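In the two complexes below, subunit A is the common chain; its partner is subunit B in one and subunit C in the other.
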Partner chain A sequence: MQETMIKRAKELLADGTVSRVIGWKKGEFAYDTTPAVFETAEELDRDFAFDDFTAANVSKYLVKESRKEGKILAFLKPCDTYSFNQLIKEHRVIRENVYIIGIPGGPKLDAEKIKAKGITGILGIKNENYTLKIETLYGTETMPFYEAICGKCESCKSKKHVIYDELIGEDGDILDSNRFDTVEKLENMTAQERFDFWREQLSKCIRCNACRNVCPACTCEKCVFDNPKSGIENKAASDSFEENLFHIIRAFHVAGRCTDCGECSRVCPQNIPLHLLNRKFIKDINELYGEYQAGADTVSRSPITDYTPDDCEPSVVHERGVE
Partner chain B sequence: MLKISVNKLDELFAAIAEKQTLYIPVDREVGIAEYKKWEKGMEMSKALNTVRSAKDFFFPQTENLVDFRKEGKNIEVIDIREESEDFVIFGVRACDARSFTILDKVFLVEPVDSYYKNRRDHGTVVTMACTRPAETCFCGVFGIDATEPEGDAVCYNDGENIFFKAHSEKGQKFIDSISSLLEEGDTSKLDEVQAKTREILKKLPLANLSTDSFGGDKLMENFNSDKWGELSQSCIGCGTCTFVCPTCQCYDIRDFDTGHGIKRFRCWDSCMYSEFTRMAHGNNRNSQLERFRQRFMHKLVYFPSNNNGEFGCVGCGRCLSKCPISMNIVKVMKALEVK
Partner chain C sequence: MQVNDNNFQPVIVAFCCNWCSYAGADLSGTNRLNYPTNVKIIRVPCSCRVNPMFILRAFQKGADGVIICGCHPGDCHYTSGNYYTRRRITLLYSMLDFLGIERNRTRLEWVSAAEGAKFAATMQQFTEDVRKLGPNRRLEDLRCRKQ
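Our next item is the complex of A and B:
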């Protein structure tokens, strides 16, 4: 796949269709690819990577990249195309300046999950028939491929590309995912249990803002929490509840716009399952306003910002709040 | 050397905790080790290191500095400093132990930071020699020996026993305080373990990372390098690297209006953030390139320039593991290296 992608990218650079390519660059180890922009065939040959560890969603970079001169080629996985579509809908990317090649999705791997098994000193990782063969400084280790996949890939919602100019490989289908299972578990808890669950999880937050900064729905030029003039800028929590509120407010802000790309949880250095907050909103929207998938298209109105006579009444909050 | 069986760790921890507060690394959940106040039944983490560094003990993420209360036209300044309790941090790795030396150079030079010094004076650092370094480790590049950590006292684990050695008066006092549990032990197995670890350290993929292109005298060539654009292009500007870093020491000081008075607090800040060190004179770092460059220039050029050539990195590898987009100091050093 990597070779096909490099070949096609070089063709599109050579015939002038695009002047830059965004993808992923090889790292120091077997697992640390970095999103990168390539401008020449030499750079692509030397550094371009597409493997089990290219989980990062490059859609958000296109907010800036699509505003630069010339067209950019973007390789988007199915989940990434939802983010890109949503950004079109919000007028945050310039569609004409991006040439999209849809590429197959995951499941992608998460090196932290391999390390959590106590496997350390990793020198190389090979996928042999869905068993990972891991060369380490301490000998060869093996583990099942599926135990190392990214959290976001565990409940993949779609293998279908919702936007592209061309595809490499076959397009897939929207999947019947299990992504609301954990949300349901949380809903079935008592209010106190749920409160305790989130307090425990959110108390791990170190306020690094990685979740916000990586989020393709968080594209404000200046976040209120970074703006000294907003009156609510906060670099530090004034009490132990403030981090909790930060995440809840952020989830509200992206409600109806979050495509469930899962990047927030992927990047959290403290493994907080932040995506569950967003999924709760998605599940509620589905139940209260009808099925809706943000990013599935570029024209439909979001239920949260659109009024219809069938909308649920505000009293639903009270009704559903009863224990 | 004095030793205790690894089976008696609980007894050891209980004995330490009887005299002063004890913190040990524990697994909060799979893959997330953190320091916690020891309580009976807690098991020490087998992880190589904690996600958050040990700097939190001396330089916490937030702390109140002073309170103000206003009555009429008078402002009362309330000194809220209190003598810290004595505490022991057990199981600190060689990298984090060195980070304290680096932080000392920032906080203990004149004017001495009394908040930091208070905790430093009352904390006893008990380190643990590494036996299973990871591929992300490169402390050796900065002259740190993972098998011989610094600290007030150092422990060595040979799989069966933990051996103790004091490096300071505080460390000796610590060992004396638990001496009834310790006995003289044969170190032949430990010597083997140490030799084996040293072999691994030599084989680490980053063992030969070069620092030759950096240092206080390499200012302009590094600052003006044309590599910064490419290196910083995918940086998302979060603070993960700075917050998990054991040597990052920048902070902000703010006033918080509680409604009943003012609390002046300080909190960690990150040079990756857009409003970091915004000043009236105007030449702020407005692009992510400048912010990104600042972080690495600080560690590799400015800090050594002010501290007799000592680099501001200890090679713990946390940023290598935790950066959302896997950009880190190693990639920067390799890209900027003049061959």
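Our next item is the complex of A and C:
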């Protein structure tokens, strides 16, 4: 796959269709493949990587990249295409300046899950028939592939590309992955249990803002959380209220626009299940205002910027489920 | 303010839209109808003006309950503002519920300019509900607590 991608990227660079390529490059370790922009065939040969750790969504980079001169080639996984579509809808990217090649999606791996098994000093990771062969400083370790996959890939919603100029490999289907199971489980807890659960999770927050910065839906030039007069711009979360407020507002600001790409949880250094907040909004929207998948198309109105005269009253949320 | 269980006086923040609910509050006053002094009214041009941040900020600064009042659906001075409010606030309240904040601390009520009695009754009921819940502890900012 990596070779095919590099070959195609070189062709498009050579015939002048695109002037840059956005993909991933090998990081310092075997497991930190990061998004990168390439300008020449030599750079592609040297650095370009597409492996089990390319979980990062490159759509958000295109907000800036598509405004630069010349066309850019972007390799998008199915989940990334939803984010890209949503950005088109919001007029945040210039579609004409991006050449999209759809590539197969995950499941991708999460290095933290490998490390959690007590495997340290990782030098290289190979996937042999869904068993991971992990070369470490202390010898070779093995673990099943599916025990190390990213949280976001465990509940993959779609293998179908919703936008592309060409495809490498096969296009998949929309999946039914029971992604609302955890949200439902929480909903069935009592209010005190829910409060305790979220207190435990959110109190880990260090306000690094990674969830905001990585989110393809969070593309405001000036963020409400950067306003020094807001009283909530503190870098350290000094109080439980601040953590709650930050996460409620962060999720609320992307409600109806969140494509459920799961990047927020993936990048969280404290492993807070932030995607559950977004999924709660998605689940509510689906239940109250009809099924809606953000980014599935570029024309439909987001449920929160739309209304019907006979919407339900807020009292319905107070009447259902457990208090 | 004395904060103990026997004599707890909640702080209620009511966001009232200028065109209906604020006039409704005015009407209940001119009709000499009583409603609890716990209610602090903040006038907004439209219920749609209420940013989710306002609600959380009210809790931060010590409110024990937040109620939003607007024109009845269909009667919005700006045609459609309260329809947006309804969706937005439904989702926000649902999220607060999801985070384990007590349900009765938040409410949305439609009060027209002619419903002075409804305004007074709503505020009495809501204040009573919040009084039963006791002080807001789950969504307060200790830095803002007044001793």
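The rule is simple: the second predicted complex is superposed on the first by the 308 of 323 C-alpha atoms of A that agree within 3 Å, B and C clash if a C-alpha of one lies under 4 Å from a C-alpha of the other, contacts with A are read in each partner's own complex, and residues count from 1 in each chain.
As a working rule, a contact is a pair of C-beta atoms (placed from the backbone, for glycine too) under 8 Å apart; a residue touches a chain by one contact, two chains touch by 3 or more.
Remember, predicted model here, so these are calculated numbers, not experimental data.
Room for both subunit B and subunit C is found when the two structures are superposed via subunit A, with no clash between them. Of the two partner chains placed by the overlay, only subunit C lies in contact with A:309; subunit B stays clear of it. In the overlay built on the shared chain, the residue A:164 is in contact with neither subunit B nor subunit C. The angle formed at subunit A by the C-alpha centres of subunit B and subunit C is 90 degrees to the nearest 10.
In the superposition on chain A, contact is made by A:206 with subunit B only, not with subunit C.
Judged by the touch definition given at the top, the superposed model places A:289 against subunit C, while subunit B stays out of reach.
When the two complexes are laid on top of each other via chain A, the two nearest Cα atoms from subunit B and subunit C are 5 angstrom apart. When the two complexes are superposed on chain A, the residues of subunit A that touch both subunit B and subunit C are 238. Of all residues in subunit A, only 27-29, 32-37, 56, 61, 111-113, 115-116, 118, 120-123, 136-138, 204, 206-210, 212-214, 222, 226-228, 233, 235-238, 266-267, 269-271 touch subunit B in the complex they form.
Residues of subunit C touching subunit A in their complex: 52-53, 56, 59-60, 73-74, 80, 83-84, 86-104, 106-108, 138-143. Remark: subunit B residues 28-32, 46, 48, 51-52, 61-62, 132-136, 200, 203-206, 230, 233-234, 236-240, 242-244, 252, 254, 256, 263, 265, 267-270, 273-275, 278, 320-322, 324-327, 330-331, 334 touch subunit A in the complex. Contact residues on subunit A toward subunit C in their complex (touch as defined above): 183, 186-187, 191-199, 224, 238-242, 244-245, 248-249, 251-252, 255, 277, 280-281, 284-285, 288-289, 303-309, 311-318, 321, 323.
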